[in-house]
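In the part that follows, the structures are each spelled out as structure tokens.
Same chain, two partners: subunit A is paired with subunit B first, then with subunit C.
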Partner chain A sequence: MTATALQTASIPRATSLDRARALARLKFADNGFRLMTLGSAVLVLVLLVGVLVALFIGALPAFREFGVGFLFSDAWSPPKEKFGAATAIYGTLITSLIAMLIAVPVGLGVAVFLTELCWQPLRRPIGVAIELLAGIPSIIYGVWGVYYFKPVMQAYIQPFLIKTLGDAPGVGALFAGPPLGYGLLTAGLVLALMILPYITAVSRDVFDTVPTVLKEAAYGVGATTFEVVGAIIIPYTRVGLIGGVMLALGRALGETMAVTFVVGNATKIQSSILAQGTTISAMIANQFADADPGLFTSSLLALGFILFVITFLVLAAARWMLARMELRA
Partner chain B sequence: MKGATTSARFSSRKRRNLVWTVLAYASTALGLAMLTIILATLLWNGVGGLSLDVFTKTTPPPGVVGGLVNSIVGSVIVTAIGLALGAPIGILAGTYLAEYGSKSRLASVVRFINDILLSAPSIVVGLFVYQLLVVPVGHFSALAGGVSLAMLGAPIMVRTTEDMLKLVPKGLHEAASALGMPRSLVIRNVAYRAVLSGLITGVLLAIARMTGETAPLIFTALGNSLFTVDPRGPMSSLPLIIYEFARSPYAEQQKLAWTGALILTFAVLALSIAARVLSASTGRK
Partner chain C sequence: MKISKFVQLVCVGAVAIGGALGTLAHAADISGAGATFPFPIYAKWADAYKKETGNGLNYQSIGSGAGIKQIRAKTVTFGATDAPLEAKALDKDGLAQWPMVMGGIVMVVNLPGVKPGELVLDGPTIAQIYMGKIAKWNDPAIKKLNPNLNLPDLAIASIHRADGSGTTFNFTYYLGQVLPDWDSQIGAATTVEWPSGIGAKGNDGIANNVATTPGAIGYVEFAYAVQNKLTYASMINKAGKTVAPTVEAFQSAAANADWSVPGFYQVLANQPGDQSWPMTAATFILMYKKPGDVAASNEGLKFFRWAYDKGDDMAKQLDYIPMPDNVVKLVEKMWDADIQQK
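Moving on to the complex of A and B:
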């Protein structure tokens, strides 16, 4: 296109030289811009690989010292230089599990309300309000949790659980111990509140992909709202829903500030979910600044590496499922 | 006889529907109630502390009246560094995904990785930047804090930029190309302008995210009780000072933590609401 423009131009040589130079400059700038965008895109990849590599290198001394046993050891003793990841991994999994148990049904309930039940003009404002929960910085959840939620847990919820379930056969051990306020359950509940908006947002988006004809057909043969939800909407969006849930799980696993304030930061595995514990991220946040260089720091970096690998796998699975959902839609 | 069983089944179906409906309403009520409670506690505890001191004095040691000026300025500076580094990378990478790479294998890998970085644990990013910028230099710095925020903000801008550029009508591209414009000029002068408000939405969302982040700053910017604008040294920021003062046993410091929390939350929510309003206006066009 540019070449023909040059050939047909019947203009003095000097001008055509200028033109050629200008075109060359344009071409250079054009290429430069393309390369810059390419470089930025590659940088995103480099950053991810960089995070993995840097953490792994930092974690290497700990992995060398403790081997695979690092994953399964519940030791955590800076003076004795004995470290293991089990306590933190256990706390991370339990708090996330509690959060998911609460947030998934509630989040789905909100999404159903927003797509099927809510009066049309109110849908957007209520949807935005729920999404604002996701906008509140996590440290605010932490401060609120420790000043307001922890006392409520201590005074009402934990004593109630201990009284009703503490002596129950089988599950009793889960609800044993004194009501301290801090603990895995408290952290899990604060986490539930934090990830609720993510579950709602993704479920609402995938609910919207259900063809209206399908829903109307079901309503047409006399199905109730919840038969439509149970028999049409949820089966149709199953893959996307699981993706959304795993996305929220990824958030819950890595959340730091909200958990640090309320989890109690005890480096010991206890059977009771009312007991104080810790999570990988809370442990790093609490101890990293004071850690001696050497095995202590390296063990914390190893924890970071493990956390990153776990969340990477969960998030990758979530994205894969959501992408499959998009392909079908 | 048959009529009786069908009507019994009908009423049991209706009952079940009612139960689930009530639960859906209750879930929404719970969510809205929690939002209200959190915002109300922030206002209740924070408004009392809002005074001129907050914006003129630096963060105090225990027992002294002080303010948050070093933290507020620090937050702005660290976020600005994050934005200055993250925005070009985010927008350019998003441009690559939408305009140049679109269906190439590299683009789909970058898209996938970027989606993962979008929700990657921020504390891990902090550890990475600590290894990369704090250990070799030997001291904490606002610059390192800014870099870690850039890593958290850029993925948001990559995503929104790509989504927005894909909205540009093909005809607009083709018309500009037909005039002999090189691709980069088409993108910069036509496509970017067509979705400018969408790009700004992404930037605002990224600022909101970066402003509220605490975890990656703990081992990068560290915090500083003195007023400083030097990005080479440690610097305070609102989330950091909330983290510190909320755990403090002193009432004055706790009060400042609440005031800081109030300022931070409303700044972040205002940014995300502004982003939402802007994106709604792009969508309508």
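Moving on to the complex of A and C:
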């Protein structure tokens, strides 16, 4: 482009017609580029809407048959053609909640350690290790969960929880039941491990953007590291932090393979978090391949649609929180 | 010099690839999908068949329900299912169905100190375990069946199939036969609404979960129990006799079956006879009567004919029961009458 422009400029006798033609060509190229990028952006939108519409059309027979009750029924009986999403929604939310409760504080802690406290030469290796952890395929976590983590849960952690908390007033019901290894808690813990690197990697990156001047000033007036983190670093980076946490939550909600391996795949809601359950994605992964056409398949598609909506709501909530924060700031 | 060498290389490469494609096109593998229950024997037959004829079999053991779905979608030459389709469903899709081989479903347990065959269970007890009504191994109901065993105070982890499964169909069908409550509350199907327990994928998934979970109980095809060295239980049959899972016990149950029904629809659970194993099952093949690709369909029939003819010993080695000769004759007659081969 510049070459053409220079050429026309260096020839004094160039007619205005030539110049106009060259400019038109440039404009054409520019327009073409704009259209191409526009097309790519629109394509994403079309695909998104297409998936949503296709899921909804597939799910329609189930919604029509069961109505709003589909969301609140814990039935899942293919022979009787009675389906409900409550068990799967409950399992999805509980496992993600457990994962977030553990992974957010621990992830932030690791990031603070890496940016503020860690001995300089160790920062890079530990940082790289965490990024590698984020790259492990989820099925590996599932296999690890079944062969190494589940036996530990069954032999030590669950019996301990049942003995100490199982009879406690109020929360006792959450920790009741036989220690079978598989369950919502096991799945939540494996999920926590999976999303931890996301939270750590994102928080570390945003913590690095805090101007040293701010931190030095705080240390200068006698603040402890804890105070610097609480009063300077986290407020300064909260927008980025929320982004990282939401990314992790999105992954936890939709995770399939690792959860399927350890969640126990039971289609009944039980009060205990040690008991077996299922999640939306685990349910679809297990049963879609051989679901009969009709209400069964339609109900599974309806589950997919609900997961889509839940993920969308989470993202929308994150946007809304960010927007409110920016307004206040 | 350099260029000509490069050209030579390219030419050799092209010829090699072309040759490979050529052989691939000649020996088109027979494609099938479905039940995991007969997978060990199908794999063994396929291996021997390939050695003898050069033709391979590509069988995906993805579960009976998925097998039915695949044959309906016409992505495979044959589908395999342990839950037979009823004549009406067969006619609707224009499918032919026949039994290929029989086997036994056994209960496998993970109980420290208990040897294979030592533990004795009966149908109603198993049904109550899977309903969550019997939750510990030292429950009086289990103790009564096993007065000589020292059963631990250990929670029972009942493991069932999370995917659609013909093994589940035969298992739940049997439980419905022996406990009316099961039939009215849960029913028999490839996927049911399990009142309790842990879901696992495939026969091998159950075998794995039982092996790694103390206190677990699961149901698998006998070959999986043997291959994974799992502890299987003996059972009390319809005649009230205690039987261990053996080929003779499976055979005895199969001997009573009446196969002269449309689509060979026959569930072998809870058969009479002192020797009969209560959870015996046949596994079925589904193919189109008017196949889209007649050549592929014929290759499939050729394989099944060969398996009926020469596969009996291999089946017995893996503790499956070959179909009796009179049934094979019925099936082959049906092929010639119903399936378009030209």
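Note that in this section the second predicted complex is superposed on the first by the 277 of 329 C-alpha atoms of A that agree within 3 Å, B and C clash if a C-alpha of one lies under 4 Å from a C-alpha of the other, contacts with A are read in each partner's own complex, and residues count from 1 in each chain.
The criterion applied here is as follows: a residue touches a chain if its C-beta (ideal position, glycine included) is under 8 Å from a C-beta of that chain, and two chains touch if they have at least 3 such contacts.
Since we're looking at a predicted model, the values are computed, not measured.
Enquirer: Regarding the shared-chain residue A:Leu45, is it in contact with subunit B (first), subunit C (second), both, or neither?
Expert: Only subunit B; A:Leu45 stays clear of subunit C.
Enquirer: Which partner does A:Val146 reach: the first (subunit B), the second (subunit C), both, or neither?
Expert: both
Enquirer: When both complexes are superposed, which of subunit B and subunit C contacts more residues belonging to subunit A?
Expert: Looking at subunit A, the partner in contact with more of its residues is B.
Enquirer: Regarding the shared-chain residue A:Asp30, is it in contact with subunit B (first), subunit C (second), both, or neither?
Expert: A:Asp30 sits against subunit B, while subunit C stays out of touch.
Enquirer: Taking the superposition as given, does A:Ala289 touch the first partner, subunit B, the second, subunit C, both, or neither?
Expert: In the superposition, A:Ala289 touches subunit B and subunit C alike.
Enquirer: First (subunit B), second (subunit C), both or neither: which does A:Phe56 touch?
Expert: Once the two structures are laid over each other on A, A:Phe56 reaches no partner at all.
Enquirer: Look at A:Gln154 in the shared chain and tell me whether it touches subunit B only, subunit C only, both, or neither; answer first, second, both or neither.
Expert: In the superposition, A:Gln154 touches subunit C alone.
Enquirer: Would you check which partner chain A:Leu114 touches, where first means subunit B only, second means subunit C only, and both and neither mean what they say?
Expert: In the superposition, A:Leu114 contacts subunit B only.
Enquirer: Subunit A residues touched by both subunit B and subunit C?
Expert: 146-147, 289
Enquirer: Under the stated contact criterion, what part of subunit B meets subunit A in this complex?
Expert: Subunit B residues touching subunit A: 13-14, 16-17, 20-21, 23-28, 30-32, 34-35, 37-38, 41-42, 45, 88-90, 92-93, 95-97, 99-101, 106-107, 109-110, 112-117, 119-125, 127-128, 130-132, 151, 154-155, 158, 180, 182-185, 187-188, 208, 211-215, 218-219, 222, 239, 242-243, 246-247, 257-258, 261, 264-265, 268-269, 272-273, 276.
Enquirer: Which residues, counting only subunit A, touch subunit C once they are in their complex?
Expert: Counting only subunit A, the residues touching subunit C are 75-80, 82, 146-147, 150-151, 154, 178-182, 260, 264-268, 276, 278, 286-287, 289-292.
Enquirer: Please output the residues of subunit A touching subunit B within their complex, sorted ascending.
Expert: Answer in residue numbers: 1-2, 5, 26-27, 29-30, 32-34, 36-45, 47-48, 50-51, 54-55, 57-58, 105-110, 112-114, 117-118, 126, 128-130, 132-133, 135-144, 146-148, 193, 196-197, 200, 224-227, 229, 247, 250-251, 253-257, 261, 281, 284-285, 288-289, 300-301, 304, 307-308, 311-312, 315-316, 319.
Enquirer: Of all residues in subunit C, which touch subunit A in the complex?
Expert: Touching subunit A: residues 62-69, 135, 155-157, 162-164, 186-201, 208-209, 212-215 of subunit C.
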